[in-house]
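Multiple structures follow.
Shared chain: chain A. Partners: chain B in the first complex, chain C in the second.
== the complex of A and B ==
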């Protein structure tokens, strides 16, 4: 279980190191909540994105990812809770700090009447660290002339322009809301390669939401999964893959009911078989399953996409949660289903 | 040597890479003392987080398969027979039994299996017999 973080009295300036020499989290939220009507679209979010990490922010459509990101960027006002970006409170963020943060919004909004050159002239003044050479390099790589009219560009090209504008200031923190939505395979790969370039520059933090689990598997150090507005998973990418397990039980006839078991995500009966999904399959779970006296037990590993699907597809109530501390001390917890 | 990773595999990416490096060494495609791509180079080529490559190299270094020379890069280590002959024999027996079990289940005869082993063995680079207790 995540230790409740002690709330700082004053926001730490980002350049200040903690006593153990580490930099504060690039993004930290404390009970961040948003209600639309009486529905909590984001429910008490305690997100921690460590400085210098790549964080894959996952969840099905409508889970609350975009709303959470919009709250972080100051575009939506939270109902409760607070958050910090690069150590500063989001409702009191200094312009100098804002200029170190890049945001790629859903749908890559750009002014359609502009040419690329106009968009550059419009964006550049906000960022003292703007690097014209870097921008030209990127536009050249994507074969986008400065004189091109934005409304004549394809979706993929507009995404590339947005990415170029986001990356040109050489930001310390990049927040990307579904940046590859609707882009073709090649553009997506191009985009990933750009991300890798950014990661190679030390000390950059990236938060991105995506539905392409293969891409997330490649680049994310950690992932967080939002289910109905609540953060149910927050751990290293590999840890999630290695913890979610599909267990297949064969029976001679109709399978018995499985009693609620710690770590059980979902289960379904298919003829004489029980197909169970666990978040953590250890001795306790094995005993519970053996107690049903199946003819055979098959424990199957899953890749990230399948693990994500199995974890988020099942019934929504009482999902086991697992949150792993960022330090190398392996403190894992899986809160069981009721 | 060409490395490939697959995100549709169940195996963690760093393990896939480690498997390929080990196999490359066993097949003689990576020679003793040969330099491997840097973490950055490989991360760029494979389009994966550099931490993943770093993790792979660290593990292989811990196993004695690779070693890092400060400022120069990551290299294939000299083979070291640290285990006694009997310990190595035991490991081999364990792996053999797993393989033979699979072959039986697949329905092959022992002649077919031995022929297949001979044929595949030609693709690998073998050590000269070590005479140690």
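== the complex of A and C ==
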């Protein structure tokens, strides 16, 4: 019953997404693959991030998001395939082009011995388009004094410094690897609001990976989902939410097996109920479930987080913590009957 | 931007450099017999560790080599491994500058630190020894050659350990191979200097520079091709 996630939400050709038909995609990968030993951490990744879009790059832990981003940024060498950033091959990217790209690595690495002022002094000379006014605005907004030592800052403040340093060169492309990881809810929200302001203010291309689906839902106009290193979803965020459906079938007795069906991602039997996850629930799928003659059919719309979880978790479910309670209850009732 | 990189390297290695300079200071003051607390301690105006001939007795060369060696080893590792451990390669290497230039600045600063920090105390000691009236023993500049040989060879030690720090391999496996190879080369150089008459001057210099060049080429290749994950 538990089918492996298929490829029902296919990438659209990049050429169809561009309105003017002239700009190349800000990010394009062609069969990008990385092996660690025998394991393909990223497997034939064909990713297209159009200019001006905010792309949420999703996946569970170990799905290959960070490795894919590091390959894009030239930190990890691909085993196969190639990629372009702002139209240039990543292997031969010129420093002038690289200066138009900002990268926030996971964990916000900064030199801890520096003060914020030192970090600014260190970073500024690399970028001809450095915008001091913007930097001051961001630091002021986050209430970060230039004299503060980086090692004394909290995780959230270091994230803010990293964001300020990344945005100050006025980059065309911003790549953020799990920028809100480890931040508390308030700081995360503040960080995200700032990011949204930057997006609206400058209309730049942003690729960011995240575990916080609420964040992605608020910001991203397009998402890609990596499952075991392969890109399974690449579509507008709303399209994904509208496509993934949970179908609950109630039966009078033990549910029958559902035959393989187009769009079926996974299925789970819970007592007399069958929970099915579909990517695309149309007439064909409805006929297939009706053929099982259930007592009731309930089609549930999912938010992004639920859709992501149902789409990516496969056969795994929560720990059966209530088994013990149930057996306890049964013991109690039998004792009562006696 | 190269200046910023150089300043960063100097700042990050300042602690090690100060420690090395302190050690050399103690060594040189001891060898010249000059006591910080009591001033000149011997019959000569500046002082001298009596009974020893500068640069000829082996204590100086051994201690100088140990201090220089430790400094070169720690500096090489500090500049390469530390960035990996703290994850700052990810902050540094995506800047709009070729990787070869970033690593080149590191190596330039590092090797200059080794040469200057080890060379200046040696030069001071040699100048003191060459100064008439400072010690009751003969002195020829050629007597300083083994020490200069050790000084020069420290560049190989530095590059070797930098390469070990840079290579992404297991520490208990092939990662320490460059370090072990450089230690062997240093040992060989000492043997050659003591036993083989032609191993001096330009031959030693040319050999060390050749090995240095090879190590730098390998370091730049590793820096360009390794994964920073």
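Following the convention adopted for this analysis, the second predicted complex is superposed on the first by the 289 of 338 C-alpha atoms of A that agree within 3 Å, B and C clash if a C-alpha of one lies under 4 Å from a C-alpha of the other, contacts with A are read in each partner's own complex, and residues count from 1 in each chain.
Please note the rule applied: a residue touches a chain if its C-beta (ideal position, glycine included) is under 8 Å from a C-beta of that chain, and two chains touch if they have at least 3 such contacts.
Quick caveat, the model's predicted, so the values are computed rather than measured.
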item	value
Clash-or-fit label for the pair chain B, chain C on chain A	fit
Partner chain in contact with A:122 - chain B first, chain C second, else both or neither	second
Touched partner set for A:222, first chain B, second chain C, both or neither	neither
Touching partner for A:103 - first (chain B), second (chain C), both, neither	second
Partner chain in contact with A:158 - chain B first, chain C second, else both or neither	neither
Chain B versus chain C as contact partner of A:245, first or second or both or neither	neither
Touching partner for A:204 - first (chain B), second (chain C), both, neither	neither
Which of chain B and chain C A:51 touches, first, second, both or neither	neither
Chain B versus chain C as contact partner of A:193, first or second or both or neither	first
Chain B and chain C, minimum CA distance [Å, superposed model]	28
Residues of chain B defined as touching chain A within the complex	5, 7-10, 12-14, 40, 43-44, 47-52
Of chain A, residues touching chain B in the complex	54, 189, 192-193, 196-197, 199-200, 213-215, 217-221, 238, 241-242, 301-305
Contact set on chain A toward chain C in their complex	66-67, 70, 73-77, 95-99, 101, 103, 105-107, 109-113, 121-123, 125-127
Chain A-facing residues of chain C, complex	1, 3-4, 8, 11-12, 86-91, 93-98, 225-229
